Amino acid sequence: MEKRARVLIDCEDAKGLVYNISKVFYDRGLNIDNNREFVDKEHQRFFMRTVVSGLFDVKELENELKSVVPSDAQIKVIEPKDKNIILMVTKESHALGDILVRHADGELGAKIQCVIGNHDDLKELVERFDIPFIHVSANELSREEHEEKVISKINSFEFDYIVLAKYMRILTPGFVKAYPQKIINIHHSFLPAFIGANPYKQAYERGVKIIGATAHYVTNDLDEGPIIAQDTIPVNHRLTWKDMQRAGRDGEKVVLSRALALVLNDRVFVNGNKTVIF
Amino acid sequence: MEKRARVLIDCEDAKGLVYNISKVFYDRGLNIDNNREFVDKEHQRFFMRTVVSGLFDVKELENELKSVVPSDAQIKVIEPKDKNIILMVTKESHALGDILVRHADGELGAKIQCVIGNHDDLKELVERFDIPFIHVSANELSREEHEEKVISKINSFEFDYIVLAKYMRILTPGFVKAYPQKIINIHHSFLPAFIGANPYKQAYERGVKIIGATAHYVTNDLDEGPIIAQDTIPVNHRLTWKDMQRAGRDGEKVVLSRALALVLNDRVFVNGNKTVIF
Amino acid sequence: MEKRARVLIDCEDAKGLVYNISKVFYDRGLNIDNNREFVDKEHQRFFMRTVVSGLFDVKELENELKSVVPSDAQIKVIEPKDKNIILMVTKESHALGDILVRHADGELGAKIQCVIGNHDDLKELVERFDIPFIHVSANELSREEHEEKVISKINSFEFDYIVLAKYMRILTPGFVKAYPQKIINIHHSFLPAFIGANPYKQAYERGVKIIGATAHYVTNDLDEGPIIAQDTIPVNHRLTWKDMQRAGRDGEKVVLSRALALVLNDRVFVNGNKTVIF
Amino acid sequence: MEKRARVLIDCEDAKGLVYNISKVFYDRGLNIDNNREFVDKEHQRFFMRTVVSGLFDVKELENELKSVVPSDAQIKVIEPKDKNIILMVTKESHALGDILVRHADGELGAKIQCVIGNHDDLKELVERFDIPFIHVSANELSREEHEEKVISKINSFEFDYIVLAKYMRILTPGFVKAYPQKIINIHHSFLPAFIGANPYKQAYERGVKIIGATAHYVTNDLDEGPIIAQDTIPVNHRLTWKDMQRAGRDGEKVVLSRALALVLNDRVFVNGNKTVIF
């Protein structure tokens, strides 16, 4: 039966890659519905995302592609289907609510397995949508003890990504290491400005005329992971930092949802500490 | 000797195009420095812009490419070099000035052959840059008589594009027809809003919260040609229409220069009444 | 007891207005917490919004202010409290969902009395939030018959504003006339571009590089009422009109919620067919 | 004879300020053409910019205003006229060129007294506009020696502001101290991101999706002075840092010119390390 797949290739650059890869598709009679490539000249790295359709076996196609590209290549042939995600939250409802509404509407492109909160303020909102809310309080626990509890909850679900929808605790290196390129965070500033705590207060005190939001993969350098999406909002002297926080929330939720859509559609490659987005 | 060229292909979509085209490059040992494609599914139309480098003869490469694509294909193999342009202006200096400064700095990517004005207000500015200013007054002339004079001036120069840098007269169908896809205009609104005369006044009277600018190819439908670039600027109730005009000028000049850079770098395909931009 | 109020004054411009009005506040020992004025020079019209605090009687303060301003003045002294709103929707969940989440979080600044839908697609979402959803089908009804039913539902509630959160039917002049400056709509284009049906399709067909959204008061000229807020989103040739629709939804919901916050905080004056926003 | 002035007041907040100040205007029969106020609640500081017209003596009006406001007040009554500015540049032409074109057109609102360059690359461009270019090479000079030479040149002109239009040297504390709130700089990033050298390279390496520009007053903390205006430009993985630099220039010149217009129109108050902009 005819099917469709996203082919993702990430490898050392080499002569003839487009030819060799498109030859595989051509020889198998596959249609190219969409194709984008990028070569990072600085690091001599090739990225390609092709949507093909036709008759093929995923494993076979992967193997055949492997035979025509450099040996370091990462190749994925992915049939589009909803991915599974876990949300982690603290007290703010805007980013979470945006995702819940999209989910309820069937336009998220993912199934929310559960929402984990270190506080229980958002339990009611989550349960309105018939999604499990798991409260893992950090009270009187060390960071490691708390995360151990979180991990035991997380691991009872299948998931592709963990989405930090305003989760206001810093994850330990151990946690981050356990889920490489699988944790997505929204930070409430246009990084690298205002890393760390209370960026709106920092922005207010610096007197900036623009605030922003940044969605990024989480790595062990705080707010330093590969950036997926950013946006900015103009502000002025009349806004207190609370006003900035309020104004900034729209940016945060929109940027997080935009980043999530890119990731869920397999449009994001991580390239060192940057992203290539098709 | 090694050289570089931009290969532009625009044809009916067909199976195997990427393969067949990349095979030509591969067989000749050319490097693909950059490659972008797009398929307009609605009209089954394929667009490709590839930058190749290596040893090749332009004519031969064109012919070989022709042999592997549908017969309706438009193929251009263009070696990068500065194009020639003619500017047409009326009284406002901002868009013209921006282009003159880039030109003087060598960053325009084009040689300005001359500037034609229906008024002579901008003569001094143009001559500061040692560029010929030709005043073709429209006084007591019919539209056709005036354009005839303009055309006789224009045709004494070699040029690739005519850039209307706030030329405030409407061109006749005859003029436009003589230079298809060669005339670029900046309109001072985010088209299709506020077509025609005095868009800032229209915007003021409508009470919009955003004004804009649009660079487009000129066709015989007033302000209806294929759009190349647009941008917007926030405004509010405190601005008079003169204030909007002033604020809008920055947008106009930046959008025109951005569009011009795209066109001069052969990054724009016209696709019916739209553009494909790589 | 100390209280706070928003004083809104809208009158013919005259010499000494700021002095005369501030004298009233001064003589009564009121603090000015915030003050903004605007004079529309074209129409010689004065607008002022002052937040005062202190000891005062609302009616007395209004009367005293009346005595010092031109006789055509509209004066309102409003003590901040949540207003009541009614939402009208059709099938799309994004604008509605955004408002419901803010409402549930207590940050909307309004109480949603009910949601009226001409379809029942959104019943489930609304009821998740324990808000009454009223389905008023338009099936086999004339426009007038349908609206009569809607009005009978509406009028069983107290409300300050009707918010059309992607209500996809055109209201009759009779309906609009019944609620002057009380109906707020979100239109899915940067008006005045793409008035009427399916603006994303129009935008796609025009080949624009920017799409947008506009929140405005509803008047009897379709999509021509006073604009409260607008925003734009960049697009390109790769987006189908369905993609534009999807991308545009974030803009729609954010612009509507922003407009709603302005209206609910009494920050918007209607000035002819425009708005003055403080 | 009737005249116009901008009245700027910056003082400790106090009850009745608007009343007391507007009383002064009222008693003298002055018209208020425009009025804006702001109270910084955090620091209990009041700012007001009023444009008045009528019959008055500047000194008398200032004195009378002084008598009704707190003793720490800074009061300026300024009759609108072109200010004098000195530009300092290095090698890049875009910000300079933008200002020169506005100047030639009479729309800058300032007279350029001279342009000082630590290199002579821009001599030709400046002299095209019949403005003195003064080359003060830093070759083999200490920072202090170089600045001494610059200062001796500067001080031979009357000027209100020094505008650093991409002047790529750091000024010494002594220089900055000599011209408090008189030096305006354009920095090629959205501060506080990417302080210091080569922000585009920093931005490229960080993989941001947005670049920006910031105009600010120069203080002795590098790139930390009060921000006047900022803007951002979207970028993506395809841009090298050179491409970002090129793309960013439009933002730089527009932001600098916008900031300059605000300053020249006396619309900017410095409030600690921030600005209040009317």
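Each chain carries a letter (A, B, C and D) given by its place in the written order, and its residues are counted from 1.
FYI, a contact is a pair of C-beta atoms (placed from the backbone, for glycine too) under 8 Å apart; a residue touches a chain by one contact, two chains touch by 3 or more.
On a predicted model such as this, the values are computed, not experimentally measured, just so you know.
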Taking shared numbers over all numbers used, above half giving same and below half different, the subunit C and subunit D interface sides are same
Greatest centre-to-centre gap (Cα means) from subunit B is with chain C
Note: subunit D sits from subunit C at a C-alpha centroid distance in Å of 37
Dist(centroid_CA(subunit B), centroid_CA(subunit C)) in Å evaluates to 41
Listed in rising order, subunit A residues that touch 2 or more other chains are none
As the complex stands, subunit C meets subunit A at residues 93-94, 97-98, 100-102, 104-105, 107, 124-125, 128-129, 246, 250, 254, 257-258
Subunit D contacts subunit A in the complex at 38, 40-42, 190-194, 206-210, 212, 226-232, 236-238, 240, 271, 273-277
Seen from subunit D, its contact residues with subunit C in the complex are 15-16, 18-20, 22-23, 25-26, 29, 31-37, 39, 234
